[in-house]
Structures are given as C-alpha cells and as structure tokens.
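Chain IDs A, B, C, D and E follow the sequence of writing; residue 1 opens each chain.
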Amino acid sequence: MIEAPETWLPTAIAGLVGLSLAVAVVATAWPRQAHRIGLFGALAVFAWVLGLSALFVAAGPEAEAAATRVALGGWEAPLGLMLHLDGLSMTLLVLTAIVALATSLYSLGYIHDRIERRQFWPLWLWLWAGLNMLFLSGDAFNLYITLEVVSLSAVALVAFTGTAAAVSGAVRYLLINILGSLSFLMGVVLLFGEHGVLDLVLLEARSEAGPTERMAAVLMTAGLMLKAALFPLHVWLAPAHGSAPAPVSAVLSGLVVTGSFYLLLRLWMGVFAPLATPAFGILIGLLGVAALIWGSAQALRAGRLKSIVAYSTVAQFGYLLVAFPLMLVDPDAWRVVVFFAVVHALAKASVFLAAGTLQHAAGHDRLAELGGVLRARPRTVFALGLAGVSLMGLPFTGGFIAKYLLLEAGLGTILAGSVIGVLWVVAIAGGGLLAAAYVLRMVAPAFHRGPERAGEAVSPWMDWVPLGLATVAALAGFAGTLTLHTLTLTPGAP
Amino acid sequence: MDGGWLLLAILFSSLGPGIAIFFLPEHRHRLRITLNLGGAGIKLALVGVLLAGVLRGDEYQFSLPLMPGIDLVLAADALSLLFASLSAVLWFVTTVYAIGYLEGSPRRSRFFGFFSLCVSATVGIALSGNLITFLIFYEMLTLATWPLVVHRGTPAALRAGRLYLGYTLTSGLVLFTAIVWLTLLAGAEGFTPGGYLGDLSETHALSLQVLFVLLMIGFGVKAALFPLHSWLPIAMVAPAPVSALLHAVAVVKAGAFGIIRVVNDVYGAELAIELGLTAGLLVVAAFTIIYGSIQALRADDLKQRLAFSTVSQVSYIILGVALAGPLGIIGGLVHLVHQGITKITLFFCAGNFAETLGIHRISELNGIGRRMPLTMLAFTLGGLGMIGLPPLAGFVTKWHLGLGALEAEAHWVLGVLVLSSLLNAAYFLPPIIRGWLGERREPWHEPLRDHAGPTRFETHWMLLFPVVFTAVLGLAVGLFSGLGLSPLGWVSLIVQRDYSLPEFSL
Amino acid sequence: MIANTLTVILVLAGLVFFAAGTAGLLRFPDVYSRLHALTKADNVGLGLVILGLMFQAGGPADILKLILIWVLVLAAGTTAAHMVAQRTWTHGEFESDR
Amino acid sequence: MSLLLVIFDLVLLAGIIGVAWRCLASTDLFRAVVLFITFGLLLALAWVRLEAPDIALAEAAIGAGITGALLLVTLERLRSIMAERHSGRPHTPPPDPSGPHALLRALHDPPPERHSFFPALIFALVVGSLLVTALWHQPQSTGLEPVVDAHMDVSGVDHPITAVLLNFRAYDTFLELAIVLIALLGAWSLGRHDLIPARPAPGPILPGTLRLLVPVAIVTGVYVLWAGSHAPGGAFQAGAILGAAGILLVLARPRQLPMAPGIPLRLGITAGVALFLLVGLYGLGAGHGFLGYADAWAYPLIILIEVAATLSIALTLVALFVAGRPAGDDA
Amino acid sequence: MNGLAELAHTLAPGLLYPTGGAILFAMGLYGLIRRHHLVLRILALNIMGSGVFMVLLGVAARGEGPPDPVAQALTLTGIVVAVSATAFALALVVHLTRLTGHAVMLPGPPDDDAPVEDISREEHHADGGPAAPHPDQDRNP
C-alpha cells in the first residue's frame, strides 16, 4: 500500500457517501441520460465498495479497537455527525453493492420505455445511496433521516407500475413506513431527552436499564419491525412486494428489509444491550416460529409467483427472529444471523429477478398458467431453482452453510441446557422443508409435459442476471469464513 | 494437499461436461455424445490412476475451508476407491445405454446435464473425507436425481418425484441435524478406520445411541431400509437408464455406503457392538431382506419386481456391515459391487424388453428367448447370479456372509440367508423359464423398429452392447474373484488394512 | 410608563373587536353575514392591537414591519372573503353546514 | 409571573389537544382539514412559547400553510374525480345505500364502527401513559446548548440554529433537502399533471391581488433568508414563503402554468442539493472532511447553499402542489 | 402561595409540553387505527409527528439557559420531512382514487390474489397521457 491503509480509510468512507449521492443527484438533474448515468454510477459505486472492503480488511482494526469513525465536517461526536464503519456494516455494504449492481443491470433490460426510464433511475439511485448511508450512519437522528430517504424512494418505486394494485400497495406501505419512522423518532427523542447525546457509541456508553431506555426500546423496535415486516407487523409486505416491478421487489425483499433488521441488531447489541432479557428473547423466538409457519402456509396457498416469493420473505425473516434467543445464550451467534441474512438477501433477490423475467415474458404471473413459459425458459427456471435451493439450505449454496451455523448455535443452546432450544432447532430445520415445498411449487410446472410458449422477447440482461446472482448466492457458501472473519471486526459486539 | 488435484479432476471430469451440456442447444447431438462419453472415459482413466496410486499406498488429500474449523475434505482410501471405481465403470456403460435409449426423445440436454451432476455427486460421496463433505454430496445427489425421476413429465412421474423428495429431504434434514450434533460433540474429524468416537462413549453413551438411530434414519431412506423404502418402487416410473444407474447403483449404494462409513469409520466396529447398535441394525436388515423378497414375489410388473429385489439386496450389504466381524464386512462390501453389476444387467434387460418389444409385465415374457436371445441370456445370468449359484457373484457374497454370521455367532442369520436365497429363486426363476420355454403364438409388436427402422441385431446396438458387457462382467467377477484386482480381492485388502489381519484369502 | 398603559388600553380595545367578530361568527345565520363579521371586526381589532404594540416596538423599522403585517392581513382577508362569497354564491351553501 | 405563563401553557395545550381531537373525530373531510390548519397555527404559537421562533415560522409557513393548501387541493381533486366518474360513465357503481351521496363518497368517512373502539382506545392510552411516565422520569438537564455556544465563533454565522443546520449537522440538512426532492420525484413518477384535474379559481379578484402580494412575498422571502444568518429565519422558511407565492400564482392562472419547460425546472429543483453536494465534496477534497468548510469560508459558503436551497425548496413545493409531471419533462 | 409557585415550578415547559406531545402522539395513533379514510389517516400521522416535535422542543426548553439549538434544528428537519411525506402521500391518494374510485384503505391484510378494482383500464386518454394498459396484461414497463 502507498501508506498505512488506516489513513485512506476515513476519506474512502466519506467518499463512498459522496459518490453514491453524486450519482443520484446527477441522474436527477439529467433525466434523459439517467439510465447511462445509472449504469456507470452502479459500476463506480460497486468498485468503490470493493476497494473500501479491501482497505478495511487490510487495515484490520482489532475487534476491541474502536471501529473507523469519520467526523463529518470535522465536528466531533456530541456536536457533529459521525460515520461509523465496522465489520457488520462493511459486510452489509458489500451485500448491498452486489445485489444493487445485479438489479441495476437487470433494470437496463426491464425498464426500456423512454419516459419510464427517466423516472425509474433517479429514484433507484437515491434508494441505493440511502442504503449505503444507512449502513454507515452512527448517529440516532441521522438513522431516522436515512430510513426516511430509503422508505420514500422505496414507496415511490413500489407505485412505479401505476396499476391499481401497485398504488394501493404503495399507499399502505407508505403509511406503515411513516408510522414506523415516527415511532423510531419518538424513541430517539426519548433517548436524547435522557442523555442529551445522539451519537450511538456515546448513547451506548451512557445507557442503563431505566424507564426511558425501556420505552425507547419498545418504540424503536416496534418501528423497525414495522419497516422490516417482521411477523406480527408484516401486513404490508405481500401486496407491496407482489405488485412492484421485479427489480424493485428484489431490492425491497433483499436489502431494504435487511437494512431494518440490521438496525434492530445494531440497537439491541449496542444501546439496548442491558435490556435484552431471556424472556424477551423467547418472545421474539416464538414470533419467529409463527412467522415461519404463517409465511410458508401463505406461500403454499398464494396463486401468483411474486406473492409466493413475497410471503417467503416473511417466512425467512422468521429465521432471523428465531435466532434472537440463540444470541442471548451464545453471544457469538449474532455473526451467524448476519451471515444468514446476507445469504437470504442474495437468494431472494435472484428469485425475484427470475420471477420478474417470467412475468415479463408471460405478461402475468399467475402460477397456474405459467407452465408454457417455464418450459420455454430453462435458464431462468434454473436460476429460480438454484436460488430456491439456497433458501432451502441445501448443499453447495450459502444457505446450507448459514443453516449449518444456525443449527450449530441452536444445538449449542440445547447442550448448554436450555429446553426451549429444541423448539428453535425444530423451527430452523423444519423451515427448510417448508421452503422446499413452496420452491418446488414454483419449479415443478417446468417439468410438466406440455407445449412451450416463449412469450414476449426478453432482453439478454433479464435472461442472464438472475442466473449470475443465483450463482453468487450459491458461491456465498465458500465465502463463509471470510464473511464471519470480517464480522468479528465489530467492537462492542458481545 | 498432495495429489488433491487428481481427486478434483475426477470430480470435475463429470461436473464440467455436465454444466457444458446444460447450455447445449437441443439439436447438437454429436457434441453432446462426445462430451458425455469423453467425460466418462476421462473419469474411468483417472480412477484407474487413482486405483494404482492407492494400491501403492500413496496418500491423496484435498481440503477447502468452508466454515471456521470445518473444511470440505476429499480423501481417497481403499474403501472410497471401491465405490468410486464401481460408479465410474457403470456410469460409462449406462451413458452408452442412455444415449441409445433416449434416441429421438425431447429435452436430452437437460437429462444428460443432471445425469452428469448425479454421477459427480456419487463420486463426491465416494471420495468424501469427513461427515460434512459426505452430507454435502449426499444432499446434492437428492437434488440432482429429482429432475431425472420426473424427466418424463407425466403426472405419475411428478407424483413419484414429489414422494421421492418428500422422503429424501425429510431424511436429509434428520441427517443434517444429527451430523451437526455429532460435530458439536466430537469435532469435525475425518473418517478414521476404527472410528474417532472412542473417548466419548463413557460420557455421552445415550446421545451416541440416539445419534446412531438418527443417522440410520437419514441413510436408511436412500438405502431403502424397511419402513423408509416405499419411494423406490414408485420411482420406477423414471426412464430405464435412470432406474438402472440411480436406483440400482448410485442412490441406493450412497445410503449403504453412508452406513458403512458411519459404522466402520465414525463409530468403529467395537464401539458399535458395545453400544448394541449393530444388533438393532442386523434385525432391521434381515427383516428388510425377507420383506423385499416377498414383495418382489407379488409384483407382476418386471421393474417393480426388480425394485423390490433391490430393496432386499441392499440390505445384504447392511447385514454384512451389521455383523461387524472382518468376514461379515468382506461379504457386505463385496456385495456392494456384485449387486451393482448384476442389478444393472437386469435393469438393462428390462429396459430392452420395454423399449424394443413394449413388454413391461412378466406374464408377457413367453418365448422372448427366441426373439431376443442375447438379452434373455444376460437376464438369466443376472437372475442366477442374484440367486447365488456357485460360480456367479451372488454366491461369493452369500458365502462370506455365512462365514461372517458364524464368526459373529449369529446363527439365525444363516437361516435368513438360506430363506432369502429360496425367495430369490422363487421370483427370478419364473421369468427365466417363461422366457426360454414359454411359447408365443401371436407375432411380436415392434415399437422400436417402427420409429428407428430395422437393426442388424435383436435391438439397437447401443442398447445391446451394455447388457452384454455387464453380464460378462458379472460372470467374470464371480469366476475370477480370487485375483487381487477383483472386487473380492480389493475388499479383503480394505479389511486387511482396517483390521490389520494377517493376509488371507478364500 | 404612559406607553405601557396606552398599549394595554389599545390591545384591550382590539380584543373587544375580536370578541365581537367571533360572536358574529357563531351567531349569524348564513355565510355572507358571517364573512362580514369576521373581516370587518377582526381587521379593526388587529389594527388596534398593532397600534398598541407600536409603542412597545424598538425602532422605526419595527413599526414599519408592524404596519406591513396589518396591510398584508387586510389584503389577504378581503381576497379570501371575496373568494368564499363567490364560491358560495355559485355553488350554493356548503354541504356540511347544519 | 411564571404562574400566568403556566396558565397560558395549560390553556394553549388544552386548545391544541381539543382541536386535534375534533379534527380526528370529524366525519366531513373539509371540516377536518380546516381544523388541521387551525391546529398547525396553534402549534406555531406553542413553538413561540417554547422560545423557538424559527420553528414557529416554519410551522406556520410549512406545517399549516403549505400542508393546508395541499390538503385542500387534494379534496378538490377527489371531488372532481368522483364527479367525473359519477357522470362520465353509464354503468357507475350504485351509490352504497348507507353512505351519503356517492359523489361525495370520497369526501365523507362514515363514523368508524363501534367494535374497534375499545382496543384502539386501550392501546393508545397504554402508549400515551408509558410515554408520559418515561418523560416524567427524565432529568431536567440542558441539552447541547453549551457545546454549540462554545463553537459558535468558528461556525461562520451568529444564529445557533442556522449554525447547527448548515455547519455542525450539515449532513442531516442535506438529506432533508434530498427527501423533499425524492418526494417530488415520487409524485412525478405517478403521472402527468393533466391526469390530475385542477379547476381554475374564477373571477379577476385573485389575479389582481396577486399583482400586489407576489412582489411583497418575494421581498419578505429574501429578507427572511438574509436574516437567517443572525436572527430567526433561514432557507426553509424563505423557501416556504416563496413556495406559497408560487402556489398562489398556480391557483390564479392554472391555464398558462408558469411551469418552466422540462430542463430548467429539473435543474432548478436539483440546484439546492447539487450545490450542497459540490461544497461538501470540495470540503472532502480540501481536507476539512465531507461537508466541512474552512473557517474563513464558512459564511459565504453557507449563504451560497442557503440561496440555492431556498430556490429549489420553493420550486419543489410548488411542483408538489401541482403533483404531476410537467409535459416538458417528457419531451 | 409557595405551593402555587412550587407547582408552577414543577409544571415547567420542559415537562408540560413533552406531556402534551405524548398525548398528541397517542391521539394520533388512536385516530390512525380508527379512521379508514386515507386523508384522515394522513392527518393523524401529521398530528403524531407534531406530538413528537412538541416533545423534542419541550426537551429543548429544559434547564434555565437558552433552549438547545440542536433539538430545534432537528425539529425543523422533522417538519420539512413531514411535509414532503404528506405531499407524496396525498399525490398517491389522488392517483389511488383515480384508479380505484375510493380513497379508503380497508383494515386487515388484503387478499393479494383478488385484483384491486382497476377502473382506469376502461378510461381512454385523449392526449398523450400514458395509454390505458391492456386489461389482461399486468402493466409492467
């Protein structure tokens, strides 16, 4: 390296924020070329994130040392805003870059109408910038603002197709998002009222299990569960993801929902750590089990391809909830949960993109009448199957490794004597079977004997990107050790 | 890492062409055939090189870090060579057969793609060095076989596929949980002859027993042990090459091979006996043998009968392993090869009858000997081999199993062997007799000639050559079992290395 | 001292006018009469309050600002009253009126 | 003296809560909107009481003014859409017997049914009481005022709120401008403005008064922007005032919309965000950290950003009022 | 008298207004759950937002010295975010009414398979507005 990587890291972090914002602003200002700006911007941000991750791993701050924190505008913590980069946010930034690049390439083919292109790309680039800022933000109020940026652009993209179903899904999604944000903001205000500081690290240092923290925890967790559509508050997810354009639903299910989960994790490991009681963990775990069962049942019943995948998001997030109690017993299990979320995001995004290609070709996505198109497009069905296998947690996919680690954590809790651990292990194991059921439901028609109907022509992007992303999801298995190592570089984690 | 590249090369010799075939457009027949046969040929050659290496006693090891503390390990020892060489040889033969069988049928790129994936998984299972790698390839085999079972796309095929997945995925899950639990207890050790759980037996006796039961459920489905076998007859809906290679060799043997690995290289024979595990396994295997034979008797459809015969034959292998003595293991292991060769011959014959003359039921076999003498001869050889007539392969197995039973003082097992041989005769002799001696008045209905045109031999040459080859191979394995390189010779080498017994032969 | 008493007196007078305007709003039967009450009474009330506040104002700039406020409210009030009256005249009474 | 203030506070709070309750409980939407505007103005009064004149200005201009205008124009659009659907199509759905005239179905919300009353009330009471208890346990400590005061000399402006907004926490303000822009992009992505009917206000009176009012509004807006650096005021309040003037223009002459053709309008709305980002990136390059200014250059840069922000906020608010893509944008 | 003064001291704005804000927040939440018309729900959300800002400004006014400028700056940011979210929500509601003929969001999870009543498909647009999508074809770009 030219000099020690540490000196380059802060500028690289702020540079990432600057670059992704610049791309979004230029695309908004120059809509005619928005798609070209979008493509080059996507590649530039992707390259920058990879460079940043190389720098981060090379710099390799020991887990105890403070994560890399950048004071914006030169103003230190209590007064100014701090950007915060550690193992957890680095992993999710790389995930976002991969899925976002794939979605951008896919959108080149999916949105080819001249006028719609001008509307789609600026919103999409703002969403991506919002996600990057969300993972880097280290200030409570700034988290609220970045959540708003992400939510507004996500809602605008959901309503993009302009059909009645899309707009009604978008309105419901927007109202729930605003409610979630206000609840989150009230939590932030309570914390500010108590401690007079907004920076997460300073808050963590000062927080103890008082009434304010308890109420703030309830409000912020409820707000984020609304946004992450975690089980009891998941009502908006299926109509919104089901009727949005394919690249949007891929990002929604893959990244936006994972972003809210990331925030929950960050808060419960940091500011609200003293509040995490075993009883609370078991409650969350039970919610997770309910989510698994309800989501899979709905997925088995839904008639439309995208609805099945949307319900499977609700189900798969049940896994993350089930893993919460595991984290309370075995503190090291949080890395496994994050790895599962990463693998799920990759697999879910490629399933949605594949479903989008099929819908575009067939003109509709009613599963009963998709046989012809499924038979005519083996490449897309293979992508759907491969990503589905990763959702099931079967070998040669990231899902398998994630499920192995989750099971290991679950069994570890049983060996450590917690009886309820058996329920978690059964849920984790059973979840894979349920996933197998609804993935089979999507893939089986391709093997029925019957006429082939190629349907509309589909651009090469839409043909190959799902397969590419599905392969990346499968190869994520081999990146297991590297990801888990990066995650260890998270100070303050138990 | 020395020699690791050879193991990888063997694995990719079928994975590479497989993936390439996936992307081949349907009409590129010639390129697909060359890719297929090329891959099979290379794999055969590489396995031969590996065979020579292992004979010389070199070490082959390849490992890739998957998770902190757990690696994907490929290793070649004598036992893995046994299964790897069996699947390499039979895959070559079955590829030729499949090309002939699927002449003119649609979606062959997809078929051969998944076909190659299956064999890579099988070879992966053979070469895996620890339980986790075994599990990875084991589950991959499930996923790769499902599209072949449902290849025809008929509602019956899809129902069979759904049942097949139901059984195998559930058992895979049980296996997955058991392996994670075992790795938690004993750490991610490689397969070591004599087992690596020795020190755990005092503290975790009960959990080891529960684990063993779970592992047996996990492997039992694929090894078609009694309560978990019902998917096998129904999966006969698949095309003949699939039932021949997969349900006679790859899938079923994977289950049996798993049980062999667990009993010998995870628990170790002494610990298995001490915990009373082999006794339970013995009873289940014996019951399956009898149950399979009885069901085969009642089945009139030829492939159903062969399927149920497979159910019982595989349990011979498990019976041998469950006897846990050196002689018993020799019987079990050698039957792994013998049963593979003879059963594949029988399935090929069944395929030929169905493909050439459209005959599926045993009652329609009258006088087929005159119309298709070579195939009928192969069927006879296979049938007699199964029954266990002296010069053929079956006899060698049953002889050693008997010795093993005596050695383990389980005399009732002898009774089971005798009874099952009689039952074998009961369900194999009628089709043979009917084939040769039965007279048939009305002319043969010839579906193959209608669409493929007349052929010099009794059927398409690509269908005939594999049948003859495997029949002769079956005969040779029986006759020349004394040689060093014969399956019996190789198996005694394996046992001699594991049990460090003095050199001895039949 | 005088300035404070003058302010109090003027502001109180202004408040009286505001009270009258509100009473008119509540008591008058239809839209037009209520508009009269509001615009007339409240504007005068505001004028008196602003006059009162002028004595408290710091310098001439503040006095001018106060007058500007009064002029703007006058302009806005009259336009709004006209618009409401015209709409009621063309579209009839508001549905929601009891 | 403080006793009087407490009484004033209690009366004001009672008024605010009362108006809010009436607004939520009203069945007629027009009544709800008017009550909401009153609620906004009372809130502005409360912010003045809490010594936050900037926020009172913003609340009155944005909270009550712009939001009120948006709500009123939405009601107008709902009414004309329902009217057009009611008359425009022969097989209109039969007006549901229970509700009032179908034409106004969109403008009336029948009183909510009884059965969901009790759980909702309990839930709200629980949340409210938990919040109040948590707040009562909090120490009455001053917040970050001393810290801000210590850095005021370096911030380039004299008014603490502008210093926080545009210097110490400039990143938040940047994202806030971005959110306004995204809301507009979202509204534009839904459709063209000819999809959304907007009846012109009849009569010559409004255009006439506008000739008087608009220049005064522009002067006031610029004054508020200028005053922001040393007294309550600033980009957002000025932007709201100019936006209000723009909305009045839109109401007065909807036929010849003063909307500029596509490109200049697009540049106008992104000016604020673009300039802010440019200054930020320059700061990153020059070593002051992202969105950081050299002390000497702080004041001029802040003023520059504020002017651009005011321009784009005003344009965006007007465009949000029109809520449809201009035809020029699609050319 | 000191009882009253002491009462006045306790009911300082730093405590009174946050309580008022909490009440507004709860009232807005109640309104959001109870009322089904979208415009009323948007109003309820705005009232909840104002509740949060009242708590924040109340917190800012705590202590003797001048109020905390950071809290006030946050409130200003919050107000602007609230107005942009409301503007976008209202635009969505107008389009929803144009497409489906009603502006009421029915409670409970919608059955996503039943297609929402899409009136726009019969409407034909004289000028160059986006063509009405083909009834069967799900209008994806």
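Here is the rule we use: a contact is a pair of C-beta atoms (placed from the backbone, for glycine too) under 8 Å apart; a residue touches a chain by one contact, two chains touch by 3 or more.
It should be emphasised that the depicted structure is a prediction, and the values quoted were computed from it without experimental measurement.
With contact taken as defined at the outset, subunit A and subunit E are each touched by D. If you take subunit A and subunit C together, the chains in touch with both are D. Set side by side, the interfaces A-D and A-B show unequal numbers of C-beta pairs in contact, with more at A-D. Most remote chain with respect to subunit A, judged by CA-atom centres, is C. In terms of the distance between Cα centroids, subunit E is separated most widely from B. Each chain gets one centre point, the mean of its Cα atoms, and the points for subunit B and subunit E are 66 Å apart.
Centre to centre, using the average C-alpha position, subunit B and subunit C are separated by 98 Å. Subunit B and subunit D have Cα centroids lying 74 Å from one another. Chain geometry summary: the mean Cα position of subunit C and that of subunit E are 32 Å apart.
Counting partner chains per residue, subunit E has residues 18, 25, 55, 59, 62, 70-71, 74, 77, 81, 84-85, 88, 92-93, 95, 119, 130 touching two or more of them. Touching of two or more other chains is recorded for residues 79, 120, 141, 145, 148, 152, 155-156, 159-160, 162, 167, 186, 190, 192-193 of subunit A. Every pair of chains in contact is given here: A-B, A-D, A-E, C-D, D-E.
By the touch rule above, subunit D contacts subunit C in their complex via residues 28, 30-31, 104, 201-203, 205-206, 209, 212-213, 216. Per the touch definition, subunit C reaches subunit D in the complex via residues 68, 72, 75-76, 78-79, 82-83, 86, 90, 94-96. Of all residues in subunit A, those touching subunit E in their complex are 79, 110-113, 116, 120, 141, 145, 148, 152, 155-156, 159-165, 167-168, 170-172, 174-175, 178-179, 182, 185-186, 189-190, 192-193, 198, 235, 238-239, 242-243, 245-246, 302-304, 307, 310, 356, 359-360, 363-365. Of all residues in subunit D, those touching subunit A in their complex are 130-131, 133-135, 137-139, 141-144, 147-148, 151, 167-172, 174-176, 178-179, 181-183, 185-186, 188-191, 262, 266-267, 269-270, 273-274, 277, 280-281, 283-284, 288-293, 325, 329-330.
The residues of subunit E lying in touch with subunit A in their complex are 18, 25, 32, 38, 41-42, 45, 48-49, 51-52, 55-56, 59, 62, 70-71, 74, 77-78, 81, 84-85, 88-89, 92-93, 95-96, 99-100, 105, 108-110, 112-113, 115-120, 130, 133, 136-141.
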